Each structure stands twice: as C-alpha cells, then as structure tokens.
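For reference, the structure I am asking about is given below.
The letters A, B, C, D and E name the chains in turn, as written, and every chain counts its residues from 1.
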Amino acid sequence: MKGGKKAVLILLVAATLLFAGCAGEEKPAAPAETPKPAETPAATPTPAPAEEKMLVIGVTDKVTDMDTANAYDFFTWEVMNNVMGGLYRYKPGTTELEPYLAESYEVQDSGKVYIFHLRKDLKFADGTPCTAQDVVRSIKRVMDIAGDPSWLVTDFVEDVEAVDDYTVKFTLKTPIAYFLSLVATPPYFPVHPDYKANEIDSDQTAGGVGPYKISKWVRDQELILEANPNFFGDAPKTPKIIIRFYQDATTLRLAIEKGEIDIAWRTLTPVDIESLKKSENLQVVEVPGAFIRYLVLNGNESTAFPTKDVHVRIGIAAAIDRNDLNQRVFLGTMEPLYSLVPIGMWSYKPVFKDYGDGNIELAKQHLAMAGYDENNKLKLELWWTPTHYGDTEKDLAQVIKEQLEATGVIEVELKSAEWSTYVDYARKSAMMASFFGWYPDYLDPDDYTTPFLKSGSNRWLGYPYSDPGMDELLEKAATAPTQEERTQYYEQIQDKLKEDSPIVPLLQGKLFVVAKKDVKGIILDPTMLFRYYLLE
Amino acid sequence: MEIIKVEGLKKYFPVQKSFLEVLFSKELQFIKAVDGVSFTVKKGEMLSLVGESGCGKTTVGRMLVGLEEPTEGRIYFKERDITSLRGEKRREIQRHIQIIFQDPYASLNPRMKIGEHITDPLLIHGIATNEEAKRMAIEMLERVGLVPGEQFYNRLPYQLSGGQRQRVAIARAMVLKPEFVVADEAVSMIDVSLRAAILNLLMSFKEEYNLSMLFITHDLSVAKLVGDRIAVMYLGKIVELGEVNEVIHKPKHPYTAALLSAVPSFEKRDLRVGIFGDVSNPIDLPPGCRYNPRCPFAKDECRKAEPELIGTDRHSFACHYPLDIVVE
Amino acid sequence: MASLKAYIATRALLVIPTVIILLTLVFFILRILPGDPIASMVGQKVPPEVLEKLREEAGLNKPLIVQYVDYIFNIIHGDFGRSMIWGKRPVLSEIMDRFPATLELTIFGFIISVILGVITGSVAAFRRGSKLDASMRVYSILAYSLFIPWFGMVLQMIFGVYFDILPIGGRISPGMEPERITSLYVLDSIITLNFKALSASLIHLFLPSLTLGIVLSGAYTRLVRNNLIDVLSQDYITAYRSRGVKNMKIVRHAMKNAFIPVITLMGLQFAILLAGAVLTETTFSWPGMGTFLLERIQYRDYNSVQGAIVFYALFVALISLVVDVIYALIDPRIRY
Amino acid sequence: MMSLLEIRNLSTYYHSRRGVLRAVDMVSLSLDEREFVGIVGESGCGKSTLAFSIMRLIQPPGEIVEGEIIFSGKNLLELNDEEMRRVRGKEIGMVFQDPMTSLDPLEKIGDQIVETIQMHEDIGKKEALEKARELLESVGLPGNRVNYYPHQLSGGQRQRVMIALAIALNPTLLIADEPTTALDVIVQEKIMNILKKMTSEGRSIILITHDFSLAAEKSDRIVIMYAGWIVEMGDSKKLVNDPLHPYTKGLLESVPDLWLERRIKTMPGLPPDLVNPPPGCKFHPRCPKAMDVCRKEEPPEVQVNGRFVKCWLYGV
Amino acid sequence: MQVKNLATKIFRPIIPEAEGRNMVIAGMIIVAIVLFMAIFADIISPYDPTKLAGKPLSPPSAQNLMGTDNLGRDVFSRVIYGSRIVLMVVFSASLVSMSIGVPIGLISGYFGGKLDRAISMIMDSMYAFPSLILAIAIAAVLGPSVVNAVVAISVVYVPTYFRMTRGQTLSLKSRLFVEAARAAGAGNLRIMRRYIFPNLVTTVIVVFSLSIADAILTEAGLSFLGFIVTAPTPDWGFDLSSGRPYLPSGYWWMITFPGAMVMILALGFALIGEGLSELYAPGRER
C-alpha cells in the first residue's frame, strides 16, 4: 500500500502544483522585470543586456562528449577549440598555423622528432598551472583510452614525453609533413587533471587551456561559456556565450527570426538561408568550407556491379551536372567541386572539369564503350541515407537520378538505408553507388586523398580501391619536404583520380552564419571552426 | 423404469482468487453449489425441482445434460453410468437428454436462422440429410405453433417475440425426440398471459413422447401444476422430495412449509411457518442441518448432525424434527 | 483492505514479465539486421583492428544468447549499461537527461486532454441529441483522426509563424533554465520562485501539450459522453430523482460513477500519450525520450534503445498501477 | 372524503422512429388515504409508465401529453421543477423494481439516506444519520448497515434499504414498482409485509406488479391494465371471484395457483403493438367474446356493481 | 443507397439507427473517394509525381492546384499518388494482424488454460506498450520498405484483435445459445464455427475499421519519421516531413495538403468504425 499511496500522492502534488502554475501564469507576468509596455509576455526574452555582454548561438548539432579522448565530431571539436587549445592553432581566418600553447617548435631526426617549447604562463580555468606533463598526460590518455579519434595520435605518434616542465617531445612512426596540423586537433589538447585517467569522461566540464570555461552544461539544451579568467591570451570580446541546442533547422531558423538567439550557426537548410538573406535585421555571412560531397562508384572487381567498368564510372561522372544540383537542391548554397582536394587548398586541380557538367554526349560515348545503349540500359542502384547528411539528401538523390536518366541509357533505382546500416554496407562493399561526405580532420591535401585512395587506408570509400601507382604517389606526397614538391605529386594524384573515377566529386560546402546585424567578429576559416572569442 | 438416476451428486466451484493468493497457496475455498443430491426420474414422469435462487437447482440440471462436470457422484441414464462419458459416446447419449433454458432471448444464436437452430442437432447427430432436416424442422416449427413453418424457418431470432423464441427452444430440444428433458425455468421469463400456452405445449410433448422431465423452477405454483413429484432444494441439498400432493399438503420440512406460506395465491391458506434471516453462505456452511440458523424449530441436534433424506418413495425429507401438519 | 494490498502486489508483480517480454522482443528485433553502433559512430575512419577492438569491448562479439542473458541479468540488477556511442555514458543518465522533458510534456498533454475531454463529453451527454451533442461527437472523431505532426505544424504556422506569438520549439528560452531539482521546468521554477522561467517554460509547453492534449481528448470525449449517458439512464439516478435530490447533486453522483471507466482509460491512454509524444517531440524539437529513442535507433545504440524501451515499459506499468490503485480507492466494489 | 390522489385522463406517449407509442392512454384513477391499490398488467401495458408519470419522472422521448394528476389538492403537472422536487421523496415515495441497480454503488447506504433527508429537512448530518439507523431498523435491517456499501448487501436487504429511502421523509403515498420481482418468494413475503404495515401507519400504497395473485392477496383494490388502458378495477375479492372483463378472466385462468385445483387455460394471441394498436377495443383480437362493435369503436367505461370496466359487453 | 443497403446487410440483426448509419455512409464516401484516387491515380493526376512540373515552390495555381514543392514537383499529383502506399500498407497490415489475432484469440479464449494465460500475457504486454514506439523499433530495424512497414504495423495491431476476439469468445462461450448447442451435442469446432465466429464478425469489422483508422496514423507517423518510403516515392507522411523545413518560409501548401489527407482518410475509417459500433452497440439487438 505504501508505495502505491506515495505514488498517488506524488502525482497529486505534482498535478496541483502544475495547476497552480497555470493559474499563476494568468496574472500579469512579473512586471518588476521588464517595464516595457505591450511586450508579449516573455515570448522573445532578449537576453538580459544590462549586466554583461552575452551572445546566444543556436545550433542543431550536439556536444556529444566533452572528452578529447572520445569526441570525434565537428561541433564538439569546435567547442573544444574554444575551451581548450593545442600547441599550435590555425590563425583565425586562414589555413596557416601559428603558435598557441607552444611558443615554438623544432624538428629533428629528419622529421621523425618534433620538440615543442611551451609558454610558461599556461593555466587551466581554475588556476591550476598547465605544464608539459599535462600535455603528455593528456595525449597518453587519448592513446590509452583508444577512443574514436585516437588514431589521429596512434597512427602517427610513436611516443611523447615531457623533457622538462615546458618541453614536449614527440617521436613519430614515420616522418610526416603535416604533423603541425595534427597537433592542432583536439586529441592533442592538454586537459585538466580532473579528467578521469583511464576512462572516458563525457560529462567533464573542467576543460583545458582556452579563452572560455564551461559554466553550465545541460545536455542537448544549452551550454554556457564564460570567459576564462586565467587565460594567458586576450580576454574574449564577449565574456559570456550561450549555445542553444535545437533539434532541427526549422526551429533554429525561427529562433533567429524571433531574436531568441543572436547567431544561427550550423546547420540551416538552404531554403532558410535563402529567405533569411531577405531579412532586414539579420546578416548572412558566407564562408567557403572544407566540407565535400561525392559519389562513390563501386569498382570492386569481386562484385557483379557494372560500375567496375571504368567507362561506366566515367560515363556517370560526365552525366552529372553540378550546377544544376547546386541550384535545385541547395539553392546555390554549395559550390561545384571538381576534385577531391577542396577549392582554395593548395594543389587543387579541377580535374573533373574535363568531363564537363551534364555532358550527355560524352556520357553516352563511354557507356557505349561499356556496352550500354537505349535498348540495353545501365541499371544503376543509387544509395543514399536519410538523416546523416540532412533533409536535402533525398532531393540530392532525386536530382542525380533525373540527371543520369536524362542520358537515356541509364535507369536509376534509388535505395536508402539508415546511417548505421549504410556504413555497414559501405564497409562490406555492398552498394553500387552511394553518396558520402567528408569533413577534414586536419587541413592538408593528404586528408583529402589518402583516406580514399591509398590501399589499406581507404576505409571511407565503400570499396577497397587499390592501385600500386597511386599508393606510391600518396606516399611520396605525404613525406616530401617542400610544398612545391608535394603539390606536384598531388596534381598527379588528382589526374589519376580522374582517369579511374572511383569517386565523382560533387559539391563543396559553404558555411553560413546568420546573425543579428549588430554582431561583429564573425571570423570563419576553412577549418570551419567558429571562434566564439572573436565575437562582438 | 428409471430413466435418470442421480447418486450423491456434488458440484463445488473453486472461489476465484488472486494470483498472489494462489502463489502463497492459501487453502482453496469452494462454493458448494450442489452438495450431495440423489433422486430418480421415471419413464414418463415429471419431476419438479424447486428452490430459491442460488440453491443449486440449475447446476443439477446442467450436470444432467453434461454442461457441468460433477465434482462427485454418479449420473445414470437408463442404468448406464454416463458421469464420465466423453466424446463420441457422450454425444450418442446427448441425443436423448435435452435442455430448455430460461432465457429465450439468450438461448438462440442471433446470427443463425430460426430453422437452422432446429436442423443443427439433427445434422450433428447425423439423423437426417440437409433436405430432410429442413423438412423436419419446418414440421417441428409448425408443431410448436410457429405457423407457417416455412416462413419462420428463414427468420432471425430478433424478429421473434419472447414466447415465440421459447417455442423455438422447445422445438430444438424436441426435434431429437429425447427421452429426458431438463426444463430450466422454462417459463419464468415469459409474459403471464403466454405462460400457459408454453406450459401446455411442454405438457403435450411429454404426453406424446412419454417423456421424462426435470422441471426446474422457483415458482411452487408452477411446480405443483406440472409435476408428478416435487423436490425442494435448499443450499445444495434436497430437503424434501415426494409426490406433489404429499409435499404441498403435508409438508414435513420447515423450509418447505415456509416456502408454501410465502407463495401468493388467490386463495391463500392460513399457513404461517416462519423463517429467520437470510440464506447462509454456501462457502461456509453451518454445522449440522444447513437450515438450522433460519429454522424456528431448530433444536440442539439440528446444530450438530446433518439429517439424511429419509422416508418412502412417495415422500421423503431431511429433517430431525419433521412437521406434522396438513394444509387443505 | 487486505485484498487491496494483495491486489497491488499482484499488479506490481505482473510488471516484471511484461517488461521482460518487451525487452526480449526489442533485444532480438534490434539485432536482426546489419549495422552496428560502433561502425555507425566512427564511420570508417577508424582502422578495422580498432573497430574490432571496440566491438569486443562493447561485448558485441559474444553469441547473441550470451549477450541477451547478460543484459537481462544486468537489468534485473538495475544496471542499464552504457551507451555504445559518443560519450558511452551510462544509459540511465542519458535517459534521465531526457525523461523529465517527456514527463513534463505528457503530464500537461494529459491534463489538457482530460479537461477538454471531460468538458466536451459531459456537455454532449447532458445535451444529448442536441446540435451541441452532435458537434461534440464530431469533435471527438476529428480529434481522434488528427495526425499529430500535421496538427502541430498547422499550429506552428498559425501561432509561431503567422501571428508570431508563440515559440515553436524547445523547452525554454536560452539562459532561462531554472535551477534543477526535479528537472520538470514548470515545477522547478515554481519551487525556486523563478517566475520568468515559469512563464518561459509555460509558453514553450503551450503548443506541444495542446497538440497532444487535443488529439488525445477525443477518446475522453467519447468515453465520458457514453458513460455519462449510460450512468444517467441507470436506475439509481432515477431513484435519486424520485427522492427529490437536487439536480446538481445528481450530476455529481453521475460524474463520479461515469468516471470509473474513464480512469481505466487514463491508464491505457498514457501509453498512447507516450507514443504521441514521440511525434510531438519530433514536431516541436522537444528534447525528450522520443527524439532520444529515434536518434539512438538510427545509430543502433542497442543499450540506449533497450534502456529506453525498458523505461517506457516500466513507466507505462507504473502508471497503470497507479490508475488501478486510484480505481480501487474510488470504487468500493474493488476494495471490499 | 376527498381522495389523496386523483388522476384524470392521463396520457403519456413515447416518441420513437416508428411513431407514437401510447403507453398510457386516457387513464383516470383515484386513490384514497390508507388505501393499498394493486395495478396489475403484463409487461408493456403501461403500468410502470403510469407510476413514473405520477412522479413526473418521464424522460424524453417520453412525454405526458395530457391529463391532470391531483395530489393532496394540487395538480402535479402544473408544479414547477423545484416544487415538484419537493414533492418527490417528501410527499410521494417510490420503490423500484431492481434493488441491485437502484442504489448508487459508490455511496454508503447511510450517506444516501442522509442526503435524501437533508434534501428536504434542515437537520444536521449526525441527526440525519441517527434517523437513517432508525429507518433501517424499521425495515428490519441492523442499524450498522449505514456503513455498508450497496454491493455488500443481498437483494432483499437492498430492497429494504430502498423502502427505507422511500419512507425516509414519511410520505403519504408510496409507489412500489414491481418491488419484489427480482426477489425470491420468502423475501417477497417479508417485503410485502413491511409495505402492508405502512398502510396501517397511514400511508397509501400503489403496488405495481405483473403477479396477479400477489396483488389479489395484498391489495384492497385491483386495477387491471391492458395496452395503456385500465380495463377493469375494483375491490380485490370481488374482482378475483367475478371478473367482468374478458382479459381479467383470461388472465385469471391462465395463472397457475398453488392452492386452486384447476387446469390453466391458454389465452390466445399476443399483446398488441402500441404504435399501431388494433382499432376499436385493443383487446379484441384476443377476446373470445369479441363482437363487431369491438372491432370498430373504443369500448365505453362502465360502472357495474360499483366496479369499473371498459368493455362493450356491459355497453350502453 | 447501395452503401446503405450494404451496411444494413452486414449488420442484419440490428435495428439500424439513423445516426450511426449516416456516420457509416459519410465514412464510406470518404474512403471511396480516396480509393478512387489511389486506383485511378494515373488518370487523375495531372503530372508525374516525381518529375518537374513547374517552378519550384510555386503556390497553388491553375497549373498546380496545390502548388509545387522544392524540386518543382506537383503537390496535387503527389497527394493523389500518396494515397497508394498508405492504403496498401494499412489494408495489408490490418488484414495480416486480423488473420493472426482473430484465430489465436478465438482458440486461446475458447480453450483457455495455461497456453491462453501465456499468450494473453504476451499480448497484454504488447498492447500496453506505446504502439508507435514498438512500430518504430521494428520498422527502424527492418529498414524503410512497404513490406517492412506492413510487418511493423501488423505486429502492433495483433494484440488489439487478439484481445477483442478473446474477450468476446470468453463471453460468448458462456452464452446460453452456445450451451444449448453443446447440450445438443455440437463439438468444439462446430461451436466455434457456427456459434461463436459469426457473432464475432460484426465486432471484428468494427475493430477492423477503427484499427485501420489508427493504423493510418501509425503509418503516417512512421512515414513521417522516414521508416516507410524513400524519395522520390510520394507518401503523405513522408511528404509532410519533406515539407517541414519550408514551414517557416511560409510555403504552407507543402505541409497542409498531405497532412490533411492523412486526417481525412483516418476520419473516413473512424467514421465507419464509430458508426458501425453505434449500430452494433450492445442493447441494439432485439
């Protein structure tokens, strides 16, 4: 009886209180607070402007996991970049790296050993000093826990040690040219000693060394950042940042329209961006992004897929019209992409321009070589995944289908699978043609080529592409000492990519920040990381 | 000849219990609906079984036609033990033992034509082919007064009045030409002015087939009217059994007398035998005579020993201190 | 009263098989098809060896039956396990992050549906046969046929976009979250006397709970009407009238009697309410269990999905237990 | 002596989709003080409708279309709702057919009695409860039954409660609508004795029943109803010994009686459909003595030896 | 008139009350219209529902009665074609769950015993659980396809049929006319076939139409969440979710029409079910 009665009681009390709450709301809502006349009761609560400067940023992403050892998604990394920091960082607005927690570095042993010299004034948000031991502890922790992003360390780093309080020494497995850009990623960030030693600590908010500290975190609802008083560098221009998590673009968009938030960041839909551009109170900042979309054509010889014929692949590549795609599906919010290396990155070569856009003639030619014509149509199974790449994905699939079918020799069947299944199929090389996208881990052409094209490393392709010549080129490109040399190799790689066409690059993302007119300091760069501390 | 003989028939219903009580295996309790009943019905005889609601009279009837399995005791049909017959053998016997229920509204399948109610038993027992059965059914309908039979054959139960439905129920029971019929309160839901007709119909069948019947009723007047013999039940036991006139005019059991004095009549006799309180709980019966708490004549022995049904074939009773009165 | 106790104990015991049955169902359903949480989480950037290691750590390499037995065993010990993706947080804390939002939404939806249903139903019953009755019955069927996302969006278009007076998503305005005590914002803001938070959470609750409430009220309208008509035709109501009892009092007696089946419905409706909440949450970007479940299903996060299902089942069972107790308290026929 | 109740030309109809059902058709009846009247008829003859009409408890689609019901000098049909409410329970009490459904299952016996008393008298709860106990005792139930819920009582006990409720405010008229139909004979006898005692306490009683012998045995006067009409009424003894109307006669002969040694006779036909009743006398299709006139014209209402009969046999 | 007769025929032992009958007729008209749309979609619909049919996002006009969507497809044509999958899924799912639930319920209820208790417990657990959530779990695992949707939805409604059938069987098997048949010597099979099943039919039909109404909402819900069809197949729930991002921009026609169709179709079946249950209300039997 006790349990039952108690439950009833609790329910009743709750109900009464709730009713009381409703009744209370009838009264004029707290007149003491806002004396403004005729304001709709707190519908648009302009964040208290009086005391301190504060900006509200709305996103549809989520912070999954506040642990550098396990977090491996774009937005969490962005937050980490604001509450922590690495030895080096990208100079805001550029792709150049600059010293951050480290003052300088030196390379030894022909690129196999990197030695970093730390600043001497590093402190965590609570005042605890941060030393080389902390850096080493944090990176070792990442290696030990072996979480999702740990490969960014373990694939490259043999060992890391603290030479003294302010010197960190990395020994690499092989010399790599782009190690600095790796060091700028979160798995290399020093974290507060509060982080549990051998265990993922997802809810930890102690952070690292960065301009902000986390003052409150309500999962999937809001994250409040406040200026870190112990930060060595310039204090953030806006001392308080609230990040508001939305479930979808629609609500995010309405929130910015209503002024509930100051900045709408990732990810609005093209149509929202389109119509928000018309708003008088808002500015839409457009930045090129390093995010690419591409179509994988399964060339796995062991399958029965027609796509293993290179002519089929080229035919498809030629038939696709990137501009049409961009306009119809994305309302011009993307950019046509003709290579895997993104536009704006050194060594970019628009190789796929050679096949043209919507080049039906060329497409037909190649397909004819593969033995397909109007009477014997190529039957293509085109896979897409509904949620992972957003609402526009089904439209993308639909338009590609239309474009391919416009050749008159292709018949497309659209198929879809939820992300987890999709990935599984990709791993098993089970899809004939499929859409994927790529966010870089580090900004280097290597990150746009090796994961796709190098045998053994190309886990992201959907089939085990393997070509000894390509492997050799990739190897050379990764280790060549100068950028000029590397550029040469990458151009060759891209040419070969065009010839084999295991992948058809489609579009490159642009980034859009929609903000109130008076918000300044929106600086984004190809890293796509939003630096809150520059906001005004 | 004895058509039906019942010996020490008992029916206990377990009291519904919650899952938990079963789990902790509290002692099982039973409602003793029928608690040791014996009687016989002779060829061509009508035995009226009277008692108040809940006395177990309906359960006795249901056990006779096999709708309820006796907890204890034996039932003999023409000297053959049919208590535990099952399946095909039981079905064979079933043909000879039929029942007419109280509620004519519920005893017909609302989805079945009137005629099909009557052909169904014939088909079940393989007595007739489809056409024959239909012909027999129509004849039977006319026999019970539903003329023209052809027309009634195709109607559905809802198109008939209560009296007509009861005629259908009778036709269904009689079409197999049974030797023994249980009529369970067959007229108590029929309008007064139509009751006589139904009773007369039953009686005419009884005579035509030389039928034996168990006529279950709560109404002593009806019991007396139709019965050759009468059995009075109280709380699962027969307390008095005998020829109609014997029981009505010379009641031995105080309960019979109390019943008789309570029955309304146009010419009420000056009989005032009292009765106390309410019926006892059939789960938890009083020791001794189960009537003793209500009996104005109860003595010590009544509270100790349970009286047996004793007496002659003409008149027997279960009472330690039988009355000695004559009601004229 | 002993029988009431036994009754409750019986009901409580029955919850266990119910939950286990559902759990079994879901456990095997989830594992039928390809796709696993680890792969979906890390995509394919991770080398296969690491992937295997992660799978092993998560226990996904063991035979299915072993996984099943382990899981049931843990659940019985109150251990919901850890999420298999992202932070690998304990499932229970993941659920507790989300559940209060759903609870708040369903409680308000429930209150609205009952209030609407009882009002419309009794109006219809007391005005039986009138135009008002007819329109209430139309309302009942219409409400029943409403498609939650659509109705929600229509409300969003009207109140959120066209009139622009109500928010269309989220639980509360940024930075206004009240101090957490129960995590039910309305309750917390009342406890902490934070009226700004109170009004902010109420206006955010308004459209979602209204959507849910209206859709579910149809069933109550119908039931209240039918029961009340039934009760009003009962002999004891006529008997009350024959003794000169005033109409108001008779109505009160009638309502009390008519409410007994309504209470039973409340128990069943709560399941429907939770199902409806999944769609409502999706439509209104409500950070509750529904959106959580959908997200985790997508990533094949077995432990989270199973945990959520168990939680749902327990919750439904708890509600029906509470309903049964209330029922028993009101109806003396059950008590004695 | 003025009669306590005087019903004149009362008609109560039910409106159905099939047409108008004349449940009570131009009925006139009077009742003296301390009189015990039995109204006898088969189901659907309008006897219950008559009782409900007196209490003005007819609900739509039923409607009292015309007539007067004079009770203690006032026409009940002209009272407003509040005035009528005060008559119900206080001046006229009613007992219903089914004791199992006539008590509110959710309220204790005592509460139901107290509520009734307090509706009409301005007395405290405690006092009313005391009175409730006395009432229960007066109908032969232990006073502690006030704390019971209806489902804890047997049918007979509930019917006693119903009687206690009906007489709680000491009404001058008690209408008992088939009060014992659902009960066994022994309980019936006891209930009847309680009712009978009421007349000696100064109340008048209308007993509505389908049981002819019961009415004959208990009431002073019998009213026979058929198809919405009163076909015969008069002193019980005389009516039973010498029925005037063929229906009364047929009914008498078709009822089995415990003490009368006779065979019963079948009455032919079925009761009429009251939406489309036969023309003339509604009984003529079943009447063994039907004449031509019976088939055409409504029979006259005649007084024969101080008894009322509605039949052409005694025609003008 | 035809419909009226049909309704009366199916429910012949019932005195039809006009109000119930009107509801059934209204519901049948709605369902008939939607059925017509589904069957003759090729003829009625002005455009191919998956092809460009006008300027993207243009509001309702003479060319595009319900406007166009973001890819310039005709919303009206999509609405017409959209009726196909719903009807197909919902009908087959209901038939499947009926043909599983009814026999099991009949047998379980008729014979009782331990098996009955076990089955009942499983069914009750499923019944008590929020149905949509169960359907989501199943549909999500099986992947989006029409067949899988049928499986997911039919699993959800089996307990409904089971419970209804079992409950009715329990009450029917103790009804007098069944006892009468048993007393006449009828065997179990005959009793089930001739005495119990025919008395279930009306209730089954009522439950069938009510559960279809409910299943429509479930189907739309699953489709809305993306568990039934994939682009470019038109389906109301799916199209509604596709239209959702366009809500704040005021492209109301992408949302209003498909969603309204869901409601209208559900309403049609709900009306039939309600009307029938009114006609068949206990006590209506004479």
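Here is the rule we go by: contacts are C-beta pairs under 8 Å (C-beta built on N, C-alpha and C of every residue); 3 or more make two chains touch, one makes a residue touch a chain.
In this text, all values refer to a predicted model and were calculated from it rather than measured experimentally.
Visitor: Give me the step distance from subunit B to subunit D, shortest route via touching chains only.
Guide: Tracing touching chains, the least step count from subunit B to subunit D comes to 1.
Visitor: If you apply the touch rule, which chains end up adjacent to both subunit A and subunit C?
Guide: Touching subunit A and subunit C alike, sorted by label: E.
Visitor: Where is the C-beta contact count highest, in terms of which two chains?
Guide: Looking across every pairing, the one with the most contacts is A-C.
Visitor: Could you give the separation in Å between the centres of subunit D and subunit E, each centre being the mean of its C-alpha atoms?
Guide: 52
Visitor: Just give me the whole-number Å value for how far the CA centre of subunit A lies from that of subunit E.
Guide: 43
Visitor: Could you grab the centroid distance between subunit A and subunit B? Build each centroid from C-alpha atoms only and quote it in angstrom.
Guide: 86
Visitor: Where in subunit E do residues touch two or more other chains at once?
Guide: In subunit E, 140, 143, 244, 247-248 touch at least two other chains.
Visitor: Can you tell me which residues of subunit C touch two or more of the remaining chains?
Guide: 14, 33, 160-161, 282, 297-298
Visitor: Return the residues of subunit A touching two or more other chains; collapse runs of consecutive numbers into ranges.
Guide: Residue numbers touching two or more other chains: 248, 250, 254, 387, 417-418, 421.
Visitor: Subunit B touches which residues of subunit D in the complex?
Guide: Residue list for subunit D touching subunit B: 42-43, 154, 156-157, 184-186, 188-189, 210-214, 216-218, 240, 250-260, 264-267, 270-271.
Visitor: Subunit C touches which residues of subunit A in the complex?
Guide: Contact set of subunit A toward subunit C: 1, 3-5, 7-8, 11, 14-15, 17-22, 24-25, 29-30, 33, 40-43, 45, 47-48, 54, 56, 58, 64-67, 70-73, 146, 148, 150-151, 155, 200, 202-203, 218-222, 224, 242, 244-248, 250-251, 254-255, 258, 260-261, 387, 417-428, 441, 451, 459-460.
Visitor: Considering the complex alone, what residue numbers of subunit D touch subunit C?
Guide: 55, 57, 60, 85-90, 93-94, 96-98, 101-107, 115-116, 119-120, 149, 151-152, 162, 165-166, 168
Visitor: Can you name the residues of subunit B that touch subunit E in the complex?
Guide: Residues 62, 65-67, 90-91, 94-95, 97-99, 101, 103, 106-112, 120-121, 124-125, 156-158, 169, 172, 176 of subunit B touch subunit E in their complex.
Visitor: What does subunit B use to touch subunit D in their complex?
Guide: Subunit B reaches subunit D through residues 52-53, 161, 163, 191-197, 199-200, 218-222, 224-225, 248, 258-269, 275, 278-279.
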